[in-house]
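In the two complexes below, chain A is the common chain; its partner is chain B in one and chain C in the other.
Right, the complex of A and B next:
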């Protein structure tokens, strides 16, 4: 394998951990765990609140991994972001559809519409961290570790990529799970 | 007018998900874009939808928003003069 895992994070709608160690999060109201995690991370990024759940999830998983990395926010072209999931952006697609479902209340929401693509997650992480490397988002039938690993390997086939954030980021009908790895070229 | 200004602030906070902002944090005459609340182009589109949904005002030309969304007070004055609901 051309890369090694340096660090990993795991976030669900109930708990978060880094390298297998639980990350302490202040008590949250039902359905508000991601917001509670954001506050516990002490991140100042108001755009977080405008994101859909899928982007929030990916964003938080990346913050957990990158919070202690130095330097941060230095523009880099050698970091790739590769995400996978099963349900694409379906949650948000449904929410957007609701804004255009009825003729008598036809008010298409621009802020919902912008999140009706799953790869917005990779964009949010890239913008936040000034990563200008390759980004991609694969929608798969199942979570297939081998397929994911091969895809990440391919990202290292170019000469530029030194590091990658690789993640399963799935969010559908209130159930969320992100498993993200920071991998480095060997 | 003061009541409309307060209602507008609350609606903007809700619609634009300005989580850490309270109505009292928004000055009536402060710019909504650029400085001030620092809203972006998607927020501008969301405000156009808000105007239609809540007040029955349909902006035919999105460029009109540049003038109307200058500040909360300017927006409230425009709504007061043009609302259909």
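Right, the complex of A and C next:
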């Protein structure tokens, strides 16, 4: 393996952990776990509230990994962000479709439409951290660890890439789950 | 190294690469008034595939027309034509399919759409249908990276082939227009009510387009053919600035270009095929990035005036047309361009010119702040025959 896992996080709509250790989150109202996690992280980033669920998930998983990294927010080009999932942006696609379905309530929203692309989550993480490196999104039938690690390995074909945030970020029809790793070129 | 072994384009301008290339060469555009479009309130200028011809051509290819959406038929037809040209058996275990699409069959989310199983809304399902049509059992790769997807799919092909796992990669980009996509771009006020005018001072937005485009890449293993188009290098970089607007300073675009410029001198570039969507922001951003990269003097063109912006297909389609232009020693003009911006001087091509240079760069940018650039070369030398040791 040409890369080593430095740190990893796991976020669902019920719990969060870093390196396998549960991350304490203040009690949340039903359906509000991601917001409660955001508050427990003590992150001041109001853009979070504009994000769709897929971007929130990826954003929180990345914050859990990067919150203790130093230095932070220094512009850098050697970190790639590579995400995978099964359902692309379908969660937001369905919500957007509802705004154009009926003539009498036809009101397409540009801010919702922008999130009908799965790779927006990679952009959100890049913006937050000033990562100018590669950002990529792949859609797969299932979370196949072998296929994913092969694709992440190939991201290091870009000789400028030294690290990568690699994640499975899935949000659709009751599933809400992110597994993210920070990996480093050996 | 990897080389284009076969390609195909299905668009408003034709169903073969030659048909499309000849149309572009003669200055035809496939963009026209398509109003009324699926019951939307505003008129639409777009480039659309002839549905009847698509169905008929698919029926000629396969009696199994049921069970495939128009998007899937277009993709299959395009791959089939490219494979026939490349003379490659796509069922082989050493062949990988890579799909590039932003929205796939998203139109099926409309409650009035019936007749297809729900699986078709998943991009991986569409990719499997395409691969399985050709008897290929490998799990296909699906790239969905907004409007740079077509470049990312080619970079993925390069990585998969060069790391040795496969001998051939089938890259297929496909996008069809739906109320979903059109209403979204209308809500963003990104569409021009007229023919788009890339890089023009009076540009007023983009035109959307439909296309399926396929490239069969082969790993050359040191045996490149004379005249063959080689994909030498590719880079993906993010603006880290805004999810729906490009960086004013062209951060990601510039960084992607700078990586390619480690491999080629600006003077050796026949042309740069820009993204050139004809929105105010995109084209300014590209002009800034090109100037910062020291590429202002290089010939720049955009193909959006011929095909519209074909989203997930654009990177594949425009790479094919550009590679064919280079093979024909031609630099294609930018349809719709008349007068550039004084503040951001660029060498935008407005009439077809001759070139003997052998490199070109393909640029793309997309939502999520992503940018990609590809470096192609026309191989001018035949590999010397191998000597036995």
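Please note the rule applied: the second predicted complex is superposed on the first by the 185 of 186 C-alpha atoms of A that agree within 3 Å, B and C clash if a C-alpha of one lies under 4 Å from a C-alpha of the other, contacts with A are read in each partner's own complex, and residues count from 1 in each chain.
Here is the rule we use: a contact is a pair of C-beta atoms (placed from the backbone, for glycine too) under 8 Å apart; a residue touches a chain by one contact, two chains touch by 3 or more.
In this text the structure is predicted, and so the values were computed from the model without any measurement.
S.K.: Now for A:63: first (chain B), second (chain C), both, or neither, which partner does it touch?
M.R.: Neither chain B nor chain C is touched by A:63.
S.K.: Is the number of chain A residues in contact higher for chain B or for chain C?
M.R.: C
S.K.: Looking at the overlay, what does A:46 touch: chain B (first), chain C (second), both, or neither?
M.R.: Touch partner of A:46: chain B, not chain C.
S.K.: Does the superposition put A:154 against chain B (first), chain C (second), both, or neither?
M.R.: A:154: touches chain C, not chain B.
S.K.: Thinking of the overlay built on chain A, is A:109 touched by chain B (first), by chain C (second), by both, or by neither?
M.R.: After superposition on chain A, A:109 lies in contact with both partners, chain B and chain C.
S.K.: Which partner chains sit in contact with A:124 here, chain B, chain C, both or neither? Use first/second/both/neither.
M.R.: second
S.K.: Going by the contact rule set out at the top, does A:170 touch chain B (first), chain C (second), both, or neither?
M.R.: Touch partners of A:170: none, neither chain B nor chain C.
S.K.: In the superposed view, which residues of chain A touch chain B and also chain C?
M.R.: Comparing the two interfaces on chain A, one with chain B and one with chain C, the shared residues are 108-110, 114.
S.K.: Going by the contact rule at the top, pick out the chain A residues touching chain C in the complex.
M.R.: The contact residues of chain A facing chain C are 75, 77, 81, 86-88, 90, 93-94, 96-97, 100-101, 103, 106, 108-110, 113-114, 116-120, 122-124, 126-127, 129-141, 144, 147, 150-151, 153-154, 157-158, 160.
S.K.: Can you list the chain A residues touching chain B in their complex?
M.R.: Chain A reaches chain B through residues 35, 46, 49-50, 105, 107-111, 114.
S.K.: Touching residues of chain B toward chain A in the complex: what are they?
M.R.: Counting only chain B, the residues touching chain A are 16-20, 42-43, 45-46, 49, 52-53.
S.K.: Using the touch definition up top, name the residues of chain C that touch chain A in the complex.
M.R.: That would be residues 39, 41, 102-104, 106, 109-111, 121-125, 128, 139, 141-146, 152, 156, 158-160, 162-163, 165, 179-180, 183-189, 235-244, 251-252, 255, 259, 366-370 of chain C.
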